[in-house]
Amino acid sequence: MKEIRIGLIGAGYIGRSHAIAYAQAPTVFPLKGKLIREMIAGITPELAQVHAKELGFLRSTGDWRELVADPNIDVVDICTPNFLHKEMALEAIKHGKHIYCEKPLALNSQDAKEMMVAATNAGVKTLVGFNYMKNPTAKLAKEIISKGEIGEVVHFYGTHNEDYMADPLSPIHWHCFKDRAGLGALGDLAAHIINMAQYLVADIMTVCGDLETVVKARPEKSGSPVLVPVENEDQAHAIVRFDTGAMGVIETSRIACGRKMGLSYIVTGTKGTLSFTQERMAELKLYRHDEPANRQGFKTILLGPEHPDYAPFCNGAGHGIGFNDQKTVEVRDLIDGIAQDQAIWPDFTEGWKVSRILDAIVRSHDQKRWVNVSEIN
Amino acid sequence: MKEIRIGLIGAGYIGRSHAIAYAQAPTVFPLKGKLIREMIAGITPELAQVHAKELGFLRSTGDWRELVADPNIDVVDICTPNFLHKEMALEAIKHGKHIYCEKPLALNSQDAKEMMVAATNAGVKTLVGFNYMKNPTAKLAKEIISKGEIGEVVHFYGTHNEDYMADPLSPIHWHCFKDRAGLGALGDLAAHIINMAQYLVADIMTVCGDLETVVKARPEKSGSPVLVPVENEDQAHAIVRFDTGAMGVIETSRIACGRKMGLSYIVTGTKGTLSFTQERMAELKLYRHDEPANRQGFKTILLGPEHPDYAPFCNGAGHGIGFNDQKTVEVRDLIDGIAQDQAIWPDFTEGWKVSRILDAIVRSHDQKRWVNVSEIN
Amino acid sequence: MKEIRIGLIGAGYIGRSHAIAYAQAPTVFPLKGKLIREMIAGITPELAQVHAKELGFLRSTGDWRELVADPNIDVVDICTPNFLHKEMALEAIKHGKHIYCEKPLALNSQDAKEMMVAATNAGVKTLVGFNYMKNPTAKLAKEIISKGEIGEVVHFYGTHNEDYMADPLSPIHWHCFKDRAGLGALGDLAAHIINMAQYLVADIMTVCGDLETVVKARPEKSGSPVLVPVENEDQAHAIVRFDTGAMGVIETSRIACGRKMGLSYIVTGTKGTLSFTQERMAELKLYRHDEPANRQGFKTILLGPEHPDYAPFCNGAGHGIGFNDQKTVEVRDLIDGIAQDQAIWPDFTEGWKVSRILDAIVRSHDQKRWVNVSEIN
Amino acid sequence: MKEIRIGLIGAGYIGRSHAIAYAQAPTVFPLKGKLIREMIAGITPELAQVHAKELGFLRSTGDWRELVADPNIDVVDICTPNFLHKEMALEAIKHGKHIYCEKPLALNSQDAKEMMVAATNAGVKTLVGFNYMKNPTAKLAKEIISKGEIGEVVHFYGTHNEDYMADPLSPIHWHCFKDRAGLGALGDLAAHIINMAQYLVADIMTVCGDLETVVKARPEKSGSPVLVPVENEDQAHAIVRFDTGAMGVIETSRIACGRKMGLSYIVTGTKGTLSFTQERMAELKLYRHDEPANRQGFKTILLGPEHPDYAPFCNGAGHGIGFNDQKTVEVRDLIDGIAQDQAIWPDFTEGWKVSRILDAIVRSHDQKRWVNVSEIN
């Protein structure tokens, strides 16, 4: 079986999750390639070494350029802050590496496009870590929609709301700066629900959005009286139209008190409705209008082995899957796609599409008008 | 105690609910006036007589003009299709009657304004049957917001979705025609959630909306092959800004499969969040961000005698109230307002404000742009 | 139409609810008799007069014996503390009155039996105010079970838990004394869920129970340092067997922190399951095992006009009903039963059966053994 | 770091879960020992080899005796059908191995006791795979109870209901035979909730139970007309008393239609209540009675990094954990306990205690009386 050697850049929050997924994926799934946790690149050689040991990687380096140039690396996995994605990806592509990159793909759609074009030209595989559509419930939702069980989709309501910056005294960090994060809640969170919308419904064609930075400045550090301006939006929303004509609403916030993992969607069709929230990630609610009027209602389906991608985790229905499990499905798709030389999705093209939509929402807000996504580069 | 004699025009769906509220209000509440179910006007004298008997009214007539002119009527209660509201209200005002009118107040904001002006000039009391903000949970939500328990409101998400026309074979009726209903889902349903938004947050100042008639034509009657065009929207949504700067989303649909009484709201503040759905009308969910991080969560508050307007119905917490009970609170406000010559709310001014917002959403859609509500007459 | 004149004894908590039901029943339902709120008896003539005025009754008296002897009373409605039920009912029966009595029917099953026998011999109609099985959801549950939609019932789990005495500093009151209340949580609360169990499943034949007075003594009055012993149980539970062989669990508590109206049941059958809690009184959850494995789940059915006894309240599905509405259904059954000389249920026979089961649970606890309900008189 | 080499016997349903936990544990947690997946024993050498490869074990054997005797094995992990636990464990103990054994520990409490005594005498570590109390929510519940946040526990209601044998045509398997499974639902499922009850409340001292085999016989194989008698119970329940005097109810079923992972508990205290169901494994509901009456309610706490054992999986609150994650916590406890020579829990002593309670329930049913757990050997 072909060896697929992973080089991970950045072992913070989401990097850890990748590492856990790498650890369990070969046991959960009959992967088509032999996954090897080869190397971690960190800010310093010392930190990288610590992380490599903790997370089960063979080697480490304090220089990501060394990692992307290493001939024994097949996949470069980019888990660094947003502003570093482009440079790292382009460099890795130059070395012919496949890329697994966290979202948002880049600081803006132009950068994302450049990355997409480079990857396409180089013929490398790409995967963007949107992960929520790797949750088996999303695949179940997609199956229900594709089979026509809720008829034609006429409305989509989707959110990705969290409250990690709800406290105005929570200190500034890189997510708040344009040069490091690009967008705020839109980039960090809405990217997910937009990807989900495109997965479940269709491409988004036009948008009209609004955004706001509610907390204008934040302490330099915890407890500091020095306030630093926040440069991007805390919350945003948009009304949209899909390619199919379906109407949609997208909401996002990083200050939505009480929402810890508020990625949610309601997909309304002509014959039924699906409702989901990631806070109950193993449940999907399904309503069918063709049932007798006195027996209609939303049915709560718990994930089980009859659903896509669940059985490898557990043969018991309702036993539940977790965040890292959906990341594990993502890793399976990465490894199998590379091993079998097949398309992987969501790739850089989808990453760019999502970026365009995000930029369209911002332009729409700036210019107070509806924007065609195709206006954006 | 002053007698307050009700003349009810129209004893269909919502008229029945008014009648039930009239029946129980004097027993539930210590009303400030003596409520008398005086007269019903119906389409024919015979039907009116039947309804008067059924619903406990003393007299009946087949001619609403007789009712509004009757010297023994103090309040004219208008429960007829939308297109009749204006003529009836103006005529009743001419006779110095107080008016209790169902929503939407009129076919459009111009008509609503005319009604508001006439009522103001005549010095009669008015009340529009928005009823959902009479639900004790709404008063509890208002109290929580007013006391600052969730900080300053930064976002409002509100829906009024139902599925009563989800079936495309469900036949055409007056709600589908512009000359009889005015708007579609916006007028019939969104009027409620817009009123609620204004009650809980602030006046809505600007809107950008979108709408669609999903089912373009419907059978003339049940089973008929003859299709009649539907003239107004099945679904609509808008992004809005409140007077306070808070952002909002309003959604409405009459084809939202599975939503039977989908008036819902999520009010996000800087310190907490409220979440409600009318399908669980006696529950309010409250989240406070100032609780310790390991004990945070949405708390489900069940209505009880400690909450506003609940104890008169029942002294046991969690015992539950129903749709007609909130209508009974509305009737209490009507009778007490008239008996004590005090302001009643939501009055025709609010009815007009809601109409303006609805018209602004439509104009926004037609012109594909943000509209200031003040642009509308 | 035959006049049916009500004489209400006791206008406290539950008496008010009866009065509200009397007020709205004739408007909600096409009653078969003409309901007249004739007379209230209270502790003093003055209080009775106040209550009569508040609750819309024509006359009042400070002497219940006057009420039960009054030739213009058809139904004596007993809403007094438990220890008064028997004397009042027997006296009323002596005068040939129909009886509408609150639960528990009596202090013990012997008294209940005496009342049942007297009523039967006199040929008067009786109705015990178990009310929760008048909730349309209960009728829907019954219909689903009767039609075999969940197969044969194999297990019943039922609770009636509340927390009205959870605070150990909440002062003593008549519910805590054997001579005034009889049992504690069993009599006040479990009576309801036992009646429901018998309604939905079958007669309970054998029981094995346990009980406990958690708060042994309570303040004489609010804030008083003087503690008075509590004479009956705060919580109890029992395992039971129904006539059909089905197994059951009954739980009750008046100190179940957080349960405000915790009457709930889960009825498990060989083909499906029903789940309900009165805190969401207009919802019934239904699971059918014969659905495809990948589409199985509990479906939340919201009450609507297609369900029994809902449409008279409202023609819109999901609009919700309240506590007094189920009491209104009860009043409808009372009036129609009398007017049409038909059986009413749950009558004194059912009241006695419930009392026997309660007494059997107590004996089971006292003697630490299974008890056949038939052992109890 | 000390190497701890695992020998896994049985790689079916639950064995796979162990393997996944072994795979991810070293990445998730900073384990105190070096976990090595050394050997798998299967029914045949071929099958064992396949499983070893799939699940990342170094070696394999078709003879479990070889595994338990292997000097390079430190821990014998027994994931075989119940009837094999005792022989395997005793043999492994003889070779001085630590034992990680699935529940129920043995076919009956006598066997369990023998295993406990052997392990104690040999001084080996033991761990029984009750796993649900390794779910971080259970640790959170325990913390809340221990800190007195809900006062003293007065009532426990616990279930472990599933529906994996609800279909009467689902064929017979080893779980249905006394010589292979011992008990039915009690052994397979109730063992979990009894362990949880003991973890959260106290030791169970007396029980009175009832049980039933609803489906008396099942097809020999799928579709076969030959029916084979089922030898143990499909459902059971018991009322119990804890060491503290608290009352409890235990329910279990393998035919509870609709319950896919119905391990649930409600712990009622004098000051508050906890409510949990494993179907929403990352949520705990907490009610505190000392909050103001108009703000009381059950609060839904989503697991987050502030809670025990969650952060190693994910730094984002509400992101969710799955079934294998709780198994991973269990493996962490195993490895750390051995590496640091510290007590592990739940050990064979707890496994025996649970077995005694199960046997007491059966004896109680057989003899139709309350049974002291201490009566059982």
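Residue numbering begins at 1 within each chain, and the chains themselves are lettered A, B, C and D in the order written.
Here is the rule we go by: a contact is a pair of C-beta atoms (placed from the backbone, for glycine too) under 8 Å apart; a residue touches a chain by one contact, two chains touch by 3 or more.
Which protein is which chain? UniProt says A, B, C, D = Putative dehydrogenase.
The structure presented is a predicted model; accordingly, all values stated were derived computationally and were not measured.
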Original post:
What's the fewest number of moves from chain A to chain D, given that each move must go to a chain touching the current one?
Top reply: 1
Subject >> Contact-richer chain pair [A-C vs B-C] >> reply: B-C
**OP:** Quick one: report the Å distance separating chain C from chain D, using the average Cα coordinate of each chain.
**Re:** 41
Original post:
Centre to centre, by mean C-alpha position, how many angstrom separate chain A and chain C?
Top reply: 54
**OP:** Could you give the separation in Å between the centres of chain B and chain C, each centre being the mean of its C-alpha atoms?
**Re:** 35
Subject >> Residue numbers of chain C (touch at least two other chains) >> reply: 259, 296-298, 302, 304, 317
Original post:
Quick one: in the complex, what on chain B touches chain D?
Top reply: 140, 286, 292-302, 304, 306-307, 317
Original post:
For the complex, which residues does chain C have touching chain B?
Top reply: 13, 16-17, 19-20, 22-24, 26-28, 30, 54-56, 162, 164, 259-262, 278-283, 302, 304, 313-325
Original post:
In the complex formed with chain D, which residues of chain C make contact?
Top reply: 150, 154-155, 157, 163, 166-168, 208-210, 212, 214, 235, 237-239, 241, 245, 247, 249, 251, 253, 255-259, 268-273, 275, 287-289, 296-298, 368-370
